[in-house]
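Here it is, the structure in full.
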Amino acid sequence: MLEISLTHFLVVSSILFCLGIYGVVTRKNAVMVLMGIELILNASNINFIAFARYGNFGLQGQIVALFVIVLAAAEAAIALAIVLNVYKTFVNINVDELDTLRD
Amino acid sequence: MALKTEEMILNMGPQHPSTHGVLRLELQLEGEIISNVIPHIGYLHRCFEKHAEAMTYPQVIPYTDRMDYLAAMYNEFGYVLAVERLMGIEVPERVEYIRVIMGELQRIASHLVALGTYGADIGAFTPFLYCFRDREKILHLFEITCGARLLYNYIWIGGVSQDLHPDFIRLTRDFIKEFRPNIKELNDLLSYNQIFIDRTANVAALSKETAINYGITGPNLRASGVKWDLRKNDSYSIYDRFDYEIPVGSGERGKTGDCWDRYIIRVREMEESLKIIEQAIEQIPGGDVTSAIPKRVKPPAGQIYTRVENPRGELGYFIISDGSLNPYRIKVRAPSFVNLSVMGELCKGWMVADVVAILGSIDIVLGEIDR
Amino acid sequence: MKSTEEIFSILKEKFPDSVTELLADKPVEPFIEASPLEIDKICIFLIENEELKFDSLMNLSGVDDANGDKEEDEKGLETIKGGTLSVWYNLESIELNHKITLKVSTERENPEVASVAEIWRSADWHEREAFDLYGIKFLNHPDLRRILMPYDWEAGYPLRKDYKNPEFYQGMKVPD
Amino acid sequence: MIYDWLTEFTGSEIIAAFIQGWLPLLFFILPFVLVAVLAERKVSAHMQDRLGPMRVGYHGILQTIADLIKLLQKEDIIASANDKKLFNFAPVLVFVGSYAAFAAIPFSGAFIGSQIELGLLYIVAVTGLVVAGILMAGWASNNKYSLLGAMRAAAQIISYEIPTLLIILTVIMITGTVNLYTLSEMQTSYFWNWMIFGGPEFGLQKFLLIPLMMMGFLVIFISMLAEVNRTPFDIPEAESELVSGFHTEYSGMKFAMFFLAEYANMFAVSAIIAVLFFGGFQSPFGYLGNSLGWEWLVPFEQFFWFTVKGLFFIFVQMWLRWTLPRFRVDQLMAFCWKYMIPFAFVILIIAGLITVL
Amino acid sequence: MNLSDQQFTDDNIIITKVEDLFNWARLSSLWQVGFGLACCAIEMMATSASHYDFDRFGVIPRPSPRQSDVIIISGTVTLKMAIRIKRLYEQMPDPKYVISMGSCSNCGGPYWEHGYHVLNGVDRVIPVDVFVPGCPPRPEALLEGLLKLQEKIRNESFGDKNV
Amino acid sequence: MLTEFGKVFVFILAAVLFVIIALVVAKFIRPARPTREKLTTYECGENPEGSPWVKFNIRFYVVALIFLIFDVEVVLLIPWALVYKNFGFIGYLVGAIFLILLGLGMAYEWRKGDLEWIRPKIKEPVITKSPPSEQDKENLILVN
Amino acid sequence: MGVYEIIFYLFAAVTLVSAVFVVTSRNIVRAAFNLLFTFFGVAGIYVLLGADFVAIVQLIVYVGGILILLIFGVMITNKITEVDIKTGTIHTLPAAIGVGLFTGIVGAVVLNTEWRVVDSEMPESTLTTLGTMLITEYVLIFELLGILLLIALIGAASMARK
Amino acid sequence: MINYLQRFWGGLLTILIGMRVTFKHMFVPAVTIQYPTVKPELPERERNRLYVNMDDCIGCDQCSRACPVSCIDIETVKSIPGEDLGKTSNGKKKALWVIKFDIDIAKCCYCELCVFPCPTDCIYMTDVYEFSEFERSSFIYDFVTLTQEEIKDKKKNFAEMQAKKDAEKAAAAKKSTAGGAEEKAAKKDEPEIKSDSEKEKE
């Protein structure tokens, strides 16, 4: 399988995706969870572009990827703001200890 | 780890580019905001007072030089005034004039260093070198008079060690002529630069009452709007013969008594000192300068507190004599020592960068603080 | 503008017992003797009284009077027993432009003087210095630590006349 | 194109590209840095009535070489409290980040590392590496001054990136290209075709644009100054406060790397400004080569002009550095958010309006 | 093992050439720890100011000892300070040099006799390369001391204490 | 055919190589004489006190937040900037509205004072003249 | 095996390895800096896929923006009392197993699907085309994004403030 | 709004003014003295390294008593009657052999206090400032012109004279031996001492 094909990209992206999920579920620290999410988003972006490249979607894949990146940025900003907020109130940001958020 | 609290302790000094010597400031920071500043001094404690007790009166003079090494002449001036009052010596006219001229030149030299280093602290390095360039000329004047550049041992009890150099008057005139424009240049380059003003104006304003209660003196006190200058208010030597202004801080660019005021006061004082020198070298009489120097300096038992307006403020000598050849006790009231003690109050609530600005504006000399 | 005599009379009738004497016979400068533990009250009066208004403390210096009985040990280093240490205050009123000199004496073995650091902040460091160099304890001083000498300096108070230097400080030879 | 020539010469594109990759490094950056450091010292010296290096070689021309060789021999200290991996990697990152920018800079018509379509954006992108590197350095040093300095540097660089981007956007809008090469080609022949004078095509629009462009130039120049941490924006290295900022703990060659990167950056930004507003490698008035008919001369002239423009802006940077005091960190930020960005904004909007009218 | 720590017994021509080059580099770019102690420090500043201009010799002050080669002990070394000075010196990377400027750092100077808090000579805590006499030394004297130090460096060879 | 990006990549490689070579060469020349003191963190000659952790001014963080948003917006505008002319005024409007939104956000931040640097009120030093009460000597013993 | 392949494998390796470090490293800051390489590798992959503009945007936004923000976040919300900040992980093993299985499944699906691959040639300059699309068909989304970002800006800032 | 812009332009203006100043200075000739090549001539009152002219020193110890740092270390022995040590340039009669005259120039603080009291103006400050050293010990300057033998000899003479002070007539014999001793010493000695001893032989 020397000739690089769509599959290669898909494999890469899926592994990245799973790594992201792994990070999300295992990490305690909220910031680390965020990092996991970023990984997932990247993986999905690779998919979009790969499909756009190998299927005949022209540039739509890229534009979607663009939007995804924008959304990711917004999400990161909000999320980190929340993290900071949480930190200010609880002086730790370990997701599993934040039950107090509920009540 | 030593520190688990939310505060960070940041050390400034003893080795730090901008602590003007071996001062150590312990800054307690929150974010970049200062919550407290603890000055640690004594890194240059050279036991002056112990030495003074072991020396004869004339031998103390070289050590007074080494206290405030930026204003050595003035330290000698103050010391010999004290001893002369203790012994009731009348010094010749010419000596008085020479002392005043030297003192004022020294004031200019000292202020030049203060201003230059202040510029360097704020980040402008060039004014620093311009100031030192001008200072070199003054040092040359001293050098031709007494042969030393920094620590002179020139003013002696009852006189001065040697008469003025024949060229002195002429050279001083030249110096004054070429120094006036340089002051303007300094203003263009630094004093009225917008960035500089932003950095210093409104920063750490020192109120009248606080200043007095902390015993702040000299330019710092005047910057706070108190018209208090020992040369006028408690006149010594022959300062009452000249006419000159006492510049007082008015908060032109910000609050009264902020860093910029403290800075600009010094600039203006240099101009005033130039005036004094001009008048002095016009009026200076002839005569012998060593006639009144006593063979043996042996004051009667008693104590005295004498003070002069040194470039940094009120320099006081508290001398106790037991009637022997050596002083029994000399306590020096060093202006910087007192001025520095307000540091902790001034810095509260400002940022690290401001600490540098504030420290520079107070203009301390460690040799005098630690003695 | 008041002379020391007037001030003394004022003080005398305010604090009959704690202000002991006025010495004007000594050459040069007259000064007022006061009692070490009352000095803070006197100073409060001095700064608050309308016609005195001593708003600034120019200088505060400790002195070792060395008037106890001395005994030489071998090597000719003498130690002093008894006698007094004293503290001198030079006050001034910037507003009314007059000065006085106060003196308090306290015994050498347990020198205690009431602190005036709360009254004039400038006294703060002066008192610390006096403590550092003479070991005079200023009661009720905000933080009375050594100021010039290292904080871990064991070897006593250098400016006392009978001070003996230690051999080493942190492995460095101390000159004597 | 040197590249094509190299390709024929070596017969392989890779090798050609590699050679080309090293060309600017060895024959431009290093000599340039050596000269620039010396120049900085000389310029400052003469501004301060001094002489500057005099004794190493004639008038100290060998000074910086000596410095470099000395730095080679300096012991390399990694304090026990440092994070070794990151500590070692940070200089690499910083240098690469600042050097990668040169790939897209058109030194002359004939020599441009890569005619990448998105040259401008690419340069903006790689500066991100520098920020990361600085943060890394500051954090890995495990030193208060370094950490504070790094945070300041990062915050400063990113906030001043916005006005820069906005102005770049303006230029893109007017010229309609992001390719540095085409950008410089557009402003050809005479200096009134430069962007600062409203760009190539004549007409009312041009004259409306001139004041905007002047303003824009001012804004981007200031922002660029801030991005390379030069006075009055040298807070991260403010040696009177934080001893020497994020490279306090670095010694020997690694420090030299930061040093190189700083000066490389200086040239990079000067080059960008030159390309955006001053016609890149175009000469202000025709080419000798063309008039004499020596075609081969033109690229060299272009190279000459490009260097001259770059050096001029570097001189201005030095000049400022040895004249001005330093901002305080909050004033710096305020200056960015309250002056630079709004200005850039207004310029952008108006410029767009003008172009569509 | 690296070049600087190697001892070369046979005087190989290339080695000597390299040595000369390196020595030249070291001696002509002595960066100084921006650090002053007392009165002498003022003269040191005067030396780096326009009239005498340290920069001519390639000496520039570096705020951090990590990047400096020479530390100029300019002034009275008190016991309190000596510890810090030692630490500073230790934190400089090899090769490093020390100039002791002025009577005080040479031997306690005017304070050697009754100074209960003065270290009599900085060479009791760190190895000094050149002693510059004077109280304070004229700037020229300091420069002359620097030249002496450069001479010293010129004759160093690999494997020495400093190189 | 090596694409333009290929060349860029090569450039980066070249830079990396250069740095590595330089550092390695230095490694062969420079001495290595670590001592315990030498490896202590530099802090103006003092012993490092406390942790290097700085409770950073929250400002830095907010700046980064705002920057991120602005960054994205500008990036998103770039494709528009290239082509909007072809669509005349409408094209301009599309971007202009976008920009105005950006400006609104900016103005909001400004009004809300997010662009200011947090600075606690500077308290003037207060001078107490209360007579010190007679106090026990224990803490004085602690002092000496 | 040509250059293209080598570079692809290189980028893929960089991406995945660093990603692994990101999710496993116990030192947050290290993790954050590893993320840098992940983003970089992904950008490289975009380039290989001919999406140069997206790659650049990836660099600008992720490396230049989000990464910095993350690092700031780490530095602000963690007491860096010693060089490595330990971060706890929870139920690692089950997660590992689950994710491993999932990976297997996805991988199998990816490998066994017959992708209909049409090698669509990229338009000459992606950028202008993108711009055109933004102004024409995606104009609404474009403006919506603008509003979204505005909200994000205000929200984030106000949340950071209180 | 107005002063918002005013501030900006004002700032810009001041910056430009500053830049003008520095730019002007680029063309001001440098004030630097290029030290090793150019050496400024120092004023005649320059205070640097001390020098003692031993021919004139009468060993009166004034200088070392005046010195605050006590870095002058003088030892003298009385000359025995009849020994003529010659006169100083200003006509003072020498009476003491100066057998030790060390100045620890490393301690000296160049205060010039030692110069004024000297009755014969034989200790004075020169303008030599370039004498930095690699070794601290080499800062101790020894100005004594006598050799070790002579010093021992003088000590001996003096001791003997002390011993036999009461016996006056013995002194003559001592003197002759002393003369002999002088002769022995004179073989390897500086001219002025030699002249002394020669004078004695007559």
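For reference, chains read A, B, C, D, E, F, G and H in written order, and residue numbers begin at 1 within each chain.
In the analysis below, a residue touches a chain if its C-beta (ideal position, glycine included) is under 8 Å from a C-beta of that chain, and two chains touch if they have at least 3 such contacts.
Worth saying up front: this structure is predicted, and the values here are computed from it rather than measured.
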item: Neighbouring chains common to subunit D and subunit E, by label; value: B, F, H
item: Shortest walk length in steps over touching chains, subunit A through to subunit G; value: 1
item: Identity of the chain that, by mean CA position, is farthest from subunit A; value: H
item: Distance between chain centroids, defined by C-alpha means - subunit A, subunit D (Å); value: 34
item: Rounded Å distance between subunit A and subunit E, as computed from the means of their C-alpha atoms; value: 56
item: Subunit E and subunit G: spacing of chain centres that average the CA atoms, whole Å; value: 52
item: Rounded Å distance between subunit E and subunit H, as computed from the means of their C-alpha atoms; value: 28
item: Overlap residues in subunit E, where contacts from two or more other chains coincide; value: 4, 22, 34, 50-51, 53, 56, 63-66, 80, 84, 88, 91, 93-95, 108, 110, 112-113, 115-118, 135, 138, 163
item: Subunit A: positions in contact with at least two other chains; value: 66, 69-70, 73-74, 76-77, 80-81, 84
item: Shared-contact residues (touching 2 or more other chains) in subunit B; value: 1, 8, 14-17, 32, 42, 45, 47, 50-51, 62-63, 66, 126, 129-130, 133, 136, 151, 189-190, 193, 195, 213, 342, 351, 370
item: Touching residues on subunit D, where the partner in the complex is subunit G; value: 14, 81-83, 85-86, 116-118, 121-122, 124-129, 131-132, 135-136, 139-140, 142, 147, 151, 154, 158, 161, 178
item: Residues of subunit G defined as touching subunit F within the complex; value: 3, 7, 44, 47, 52-53, 55, 57, 60-61, 64-66, 68-69, 72-73, 75-76, 78-82, 127-128, 130-132, 134-135, 139, 142-143, 145-147, 149-150, 152-154, 156-158, 160-161
item: Of subunit G, residues touching subunit A in the complex; value: 1, 4-5, 8, 12, 15-16, 19-20, 22-23, 28, 31-32, 35, 38-39, 42, 45-46, 48-51, 53-54, 57-58, 61-62, 65-66, 69-70, 73-74, 76-77, 87-92, 95-96, 98-99, 102-103, 106-107, 110-111, 115-120, 122-123, 126, 129-130, 133-134, 138, 141, 145, 148-149, 152-153, 155-157, 159-160, 162
item: Residues of subunit G defined as touching subunit D within the complex; value: 3, 29-30, 33, 36, 52-53, 56, 59-60, 63-65, 67-68, 71-72, 75, 80, 83-84, 125, 127
item: Complex contact set, residues of subunit B against subunit D; value: 8, 10, 16-18, 32, 119-126, 129-130, 133, 189-190, 193, 195-196, 198-199, 351-356
